[in-house]
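Naming follows writing order (A, B, C and D), and every chain is counted from residue 1.
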Amino acid sequence: MSESSVADGAGMASRHAVLHILNKPPGHARTHLCLATLAATDALVLIEDAVLALASGLDTSAAVYALGPDLAARGLAADNGQTGVIVIDYEELVALAAGADKTVSW
Amino acid sequence: MSAVKPVSFTLVITGAPYVSQAPQTALSFARAAVSAGHAIDRVFLYGDGVHLASSLCCAPSDEVNWHREWSDFIAQQQIPAVACIASALRRGLVDDGEARRYERDAHNVQPPFRLLGLGEWVESMTSSSRVLYFQPGGGH
Amino acid sequence: MSQTPERNNEGFLEDPWAWSRDVAAVIAGEDGIELTGAHWEIIEFLRSFYRDYQMSPPSNRLFVKAVKETLGDDKGNSIYLMQLFPGTPAKTACRIAGLPRPTNCL
Amino acid sequence: MSVLVIVDRSPYGSWSGRESMDMALSLAAFDQPVTLLFSGVGVNWLRAGQDPASIFQKAVERNLAAAPIFGIGALLADQQSLEDFGLDASQCVTGVMPVTVEPTLLARFDDVVCL
């Protein structure tokens, strides 16, 4: 897996092997399936209801991104105390999806 | 903004408007992708996502009409927009051709949306750089 | 039309179980097809496929594939099937075999 | 291009699995390599002896039996989910291959579709 960096203004994102995009809330069977297939070298993007995981806790060694507008909508602060979570906007989500080797929408 | 080289996306929407967030997330993504210089090869509506193609959508005036927003966007950007014909027929979404074929007296799918088969999706799978899915939320 | 059970505007039977060999001959006749042993082999194949799997092959390509898998390369090719069932072979053959109208999905 | 289509919805109560199956069939129709994976409640697709006549649906078990004829490569099932629902290979449709759902499983495919 290449680690070639896609530099951008937001200082995000080395290139990840698989970009997992999750929109299901914590506790959903699909969330468990996503986490079961998430490699440490992959990245996880939380969108829609999946950002609620920042309130309930998330245990993974993969890079985690969360979509800012969905956090704001649900009254959650930037990273809600979860260390290492990178808050992104739609532009940065596009850049991540464009730069990934492979994407999976869960 | 980004050094990512341009790619082509196909966006598959499987969540219905006013039932899920899928059409909104997909449209925000699509607008951001276009402004970053990426191509959108096709929008493919599948499963409950086909409801987005209904031209009979009557949203309250203080809510977003997702059908109209999407229609305007894909017409402006000249993006092919396809609703899966098998998903659509079962859910009561027909264009004029299918209305004639099935002897129905009305239709609710018109350009820029078209009814075509899953072959369009297979074509996207083989030709687009990325195929992303915008799905129903947890309640479905 | 009076010689066959109820049919839709494209000539498909409304009830696959109302089919008989005589009905098949009438429907085929409307397409100018005189049924031979070669036709019957495909018709029987389709009806037994429908009985076993509760579906007819969902597209013309898959119809050809299923015939090939069951009856071999000589018969499982579009030229052979087109000669027997002109037009779109899956559609013509399903109509004669009394199976539901394909949804044109694939 | 090889595609993994994942079915993690229950049969009958949800239509989603049938629509996943249609995607797999359409890939097969265009000779694209495709594999099905059943996971979570989705493993109940595989249970032998389904009789949905009285709920007016077609048997997904019977539809699934046609998969190899159309060229769908393999039927995989998550081992843990099979156990969770009290299923072993002898109680499943033929040809089911139990697997462990882990990152290396996804790596075997170019694309993963999970409706």
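What we mean here is this: a contact is a pair of C-beta atoms (placed from the backbone, for glycine too) under 8 Å apart; a residue touches a chain by one contact, two chains touch by 3 or more.
No experiment lies behind these values; they were computed from the predicted model shown.
If you tally contacting C-beta pairs, which pair wins, B-C or C-D?
Ranking B-C and C-D by C-beta contacts puts C-D first.
Measuring from the mean C-alpha position of subunit B to the mean C-alpha position of subunit C, what distance in angstrom results?
33
Give, as an integer number of Å, the spacing between the C-alpha centres of subunit C and subunit A.
Whole-Å distance between the two chain centres: 50.
Round to the nearest whole Å and give the separation of the Cα centres of subunit A and subunit D.
Averaging C-alpha atoms per chain gives centres 27 Å apart.
Can you list the residues of subunit B that touch 2 or more other chains?
86, 117-119, 131, 133, 135
Check each residue of subunit D and list the ones that touch at least two other chains.
Subunit D, residues with two or more chain partners: 22, 26, 29-30, 111, 114.
Check each residue of subunit A and list the ones that touch at least two other chains.
Expected reply: 30, 105.
Mind giving me all the chain pairs that touch?
Contact pairs between chains: A-B, A-D, B-C, B-D, C-D.
List the residues on subunit C that touch subunit D in their complex, please.
49, 52-55, 57-59, 61-62, 65-66, 69-70, 105-106
For subunit D, which residues are in contact with subunit C within the complex?
Within the complex, subunit D contacts subunit C at residues 22, 25-26, 28-30, 58-59, 62-63, 65-66, 69-71.
Would you pull the subunit B residues touching subunit A in the complex into a rising list?
It is residues 1-7, 9, 21-22, 25, 28-29, 31-33, 35-36, 38, 129-135, 137-138 of subunit B that touch subunit A.
For the complex, which residues does subunit A have touching subunit B?
Spelled out, the residues of subunit A in touch with subunit B are 6-9, 21, 23-25, 28, 30, 47-49, 69, 89-91, 93-95, 97-100, 103, 105.
Can you list the subunit A residues touching subunit D in their complex?
17-18, 29-30, 32-33, 36-39, 42, 102, 104-106
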